[in-house]
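Listed after this line are the structures, all set down as structure tokens.
Look at the two complexes coming up: chain A is in both, with chain B in one and chain C in the other.
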Partner chain A sequence: MDFTEEQIERYSRHIILPEVGGKGQAKLLGAKVFALGAGGLGSPALMYLAAAGVGKIGVADADAVDLSNLQRQIIHNNTRIGVPKVESAKQTINELNPDVEVEAINKRLTVDNIREVIRDYDVILDGSDNFPTRFLMNDACFFEKKPLVSGSMFRFDGQVAIFSGHEDDKPCYRCLYPEPPPVGLVPSCQEAGVLGALAGVIGVLQAVEAIKLVLSIGDDLKGHLMIFDALGMSFRKVKVRKDPNCALCGDSATIKELTEYEQATCEFNPADV
Partner chain B sequence: MKIKINGEDKTIADGLTISMLLDDLNIKKVGIAVEVNREIVPKTTHDKVLVNEGDVIEIVRMVGGG
Partner chain C sequence: MATNPQSQEKGWGLYIKNKTKPVREDINMAVKVRIPTPLRKITGGADEVTANGADVAAVIEDLEANHPGLKERICEDNGSLRKFVNLYLNDEDIRFKEDLKTTLSDGDELSIIPAIAGGK
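== the complex of A and B ==
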């Protein structure tokens, strides 16, 4: 592809990297990345994907911007309160980089629409705020054969992984956590709180992994879980193998189609050890 | 035998499976994954996999916020 002069300047710090180069930048401009959620994790992830020149970015979120979001959801701002999050996100992305085409989906993804929505994309990011949606997206990505860059956070803790259960020897979300925690035993995100800047750490790690997948460079997080502890300021990288008994991607899988779980909130909090 | 769990040294009985260890320590089995020596042990095998001397175990909690 031919870059415009403006693009050569805009992406010069990428193009100069041997691992990226003009070829890699062209890959990014041709890439399609989808983010579920324009919230805490989606905000920084979307902004860095846009800045990197990912050619098409899809984002789905059914919520509108609320004042209590702005402590961490930095793609939005004071003037956007009450505006659908995907519209606010689209505006920020357009202002950041006109090279990016944005598909803004202002609704909840369900069993009925999720596969079709993600089908056209190369890489999927999950920054959703509840377990049922996380399981739904994991299963949808498995059936559509898409790599899922998963990020999640709670209070001061974050987790990042790439689930790719459709590949031989790569785990899916269910290999790590077979089922959502029971509804009703879970404190709500609102009650529990989250450190705003933690969203930046985790969301940006998702963007880094998505960009590496597009570029096919480095070691990706497939088969690993990265656990971040903001209070202890430590990262721990743990191996996650494909579970041969996994109900979705294992040898004798029992899940053959998408199922919708009841809505629960953001962390199950078992008794302390 | 001696193991380390969530950063703390513990002495436990020999011959325990992961599942039995969780029961002994009163750890509820929902909403967690178990990491042994930097590797997740699939939940579907917790009834079979034995805890070994010197294992470093971490209980990883499911986190779902975004």
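== the complex of A and C ==
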């Protein structure tokens, strides 16, 4: 592709990298990346994907911006309170980089729409805030044969992995965790609290991995789980094996279509904090 | 893994070679156990504790003895690991080793890694 003068200047720090170059930047401009959630993880991930010049970015979120979001959801700001998060995200992205086309989906993804929504994208990011959605997205990505760059966080801990169960020897989320916890047993709501800047660390790692997947460079996190402990300030990388008994991507898989797990209501129990 | 002293003695080499690795039930390995944030209330805030046991199951019992309540957070009533919690021996998931029967060596690091779902 031919770059405009403005693009050559905008992406010059990418283009001079031998691992990226003009060819890699053209790949980014032709790439389609989808992010579930324009929240703590989605905010920094979306901004770096947009800055990198990912040509098409999709984002789905059913919520509106709330004042309590702004401690970490840096794609939004004070003037956007009450605005649908995807609209706020779209505005920030458009202001950051006019090269990026944004598809803003202001609704919850369900069994009925998720596969169709992600079908057109090359790489999927999960920044959702509950287990049922994470299992739903994992299964949808498996059936649609999409790599899933998954990020999650809790208080001071974060996890990042790439699930790609449709590939030989690559695990899916169910290979790591076969089933979600029973409703109410593990706090999955942000009411448990989260260090705002932790969302930046984890969300940006997701963006880094998504960009590497688009560029086909380096070693990716397929088959690994990166664990970040903000209090102890340590990163650890452990192996995630493909489980031959996985109900979704194993040798005798029993899950043949999407299922939706029960959604926990977000109840704040101070005793759990 | 500490070796069985007998295997070092002259004359036992050939015999031992054809046997499975000898396991001494009385050997207690001291391992480091990394505790994730959600379980630190049980360990008095400690992010790492030491536990003893020849295999993972024994270490879990030892953890429970010193930090009551920990076992039920990571194990089902039948003793198997909960499906949203993994135990890693160094960087390897014990489900892909010998699960709860995975034997341990002095200085090993066992990590409890629960599924976490926050994103917003």
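Basically, the second predicted complex is superposed on the first by the 260 of 273 C-alpha atoms of A that agree within 3 Å, B and C clash if a C-alpha of one lies under 4 Å from a C-alpha of the other, contacts with A are read in each partner's own complex, and residues count from 1 in each chain.
To be clear about the criterion, a residue touches a chain if its C-beta (ideal position, glycine included) is under 8 Å from a C-beta of that chain, and two chains touch if they have at least 3 such contacts.
None of these values were measured; they are calculated from a predicted model.
Taken together in the superposed arrangement on chain A, chain B and chain C clash.
Of the two partner chains, neither chain B nor chain C is touched by A:216.
Once chain A of one complex is fitted onto chain A of the other, the partner contacts of A:194 extend to both chain B and chain C.
Contacts of A:229 after superposition on the shared chain: chain C is touched, whereas chain B is not. Residue contacts after overlaying the shared chain place A:68 against neither chain B nor chain C. In the superposition on chain A, A:129 contacts both chain B and chain C.
Of the two partner chains placed by superposition, only chain C is touched by A:156; chain B is not.
Residue overlap on chain A between the chain B contacts of one complex and the chain C contacts of the other covers 37, 39-42, 126-131, 134, 151-154, 157-159, 176-178, 181, 186, 189, 192, 194, 225, 227, 236-241, 243. Taken together, the chain B residues at the contact with chain A in this complex read 5-6, 25-28, 30-33, 35, 38-40, 42-45, 58-66.
Taken together, the chain C residues at the contact with chain A in this complex read 36-38, 47, 82-84, 86, 88, 91-93, 95-96, 111, 113-120. On the side of chain A, the complex with chain C involves touching residues 37, 39-42, 63, 69, 73, 126-131, 134, 151-159, 176-181, 186-190, 192, 194, 225, 227, 229, 231-232, 236-241, 243.
Partner chain B is touched in their complex by these residues of chain A: 37, 39-42, 126-131, 134, 151-154, 157-159, 175-178, 181-182, 185-186, 189, 192, 194, 225, 227, 236-241, 243, 245-246, 264-271, 273.
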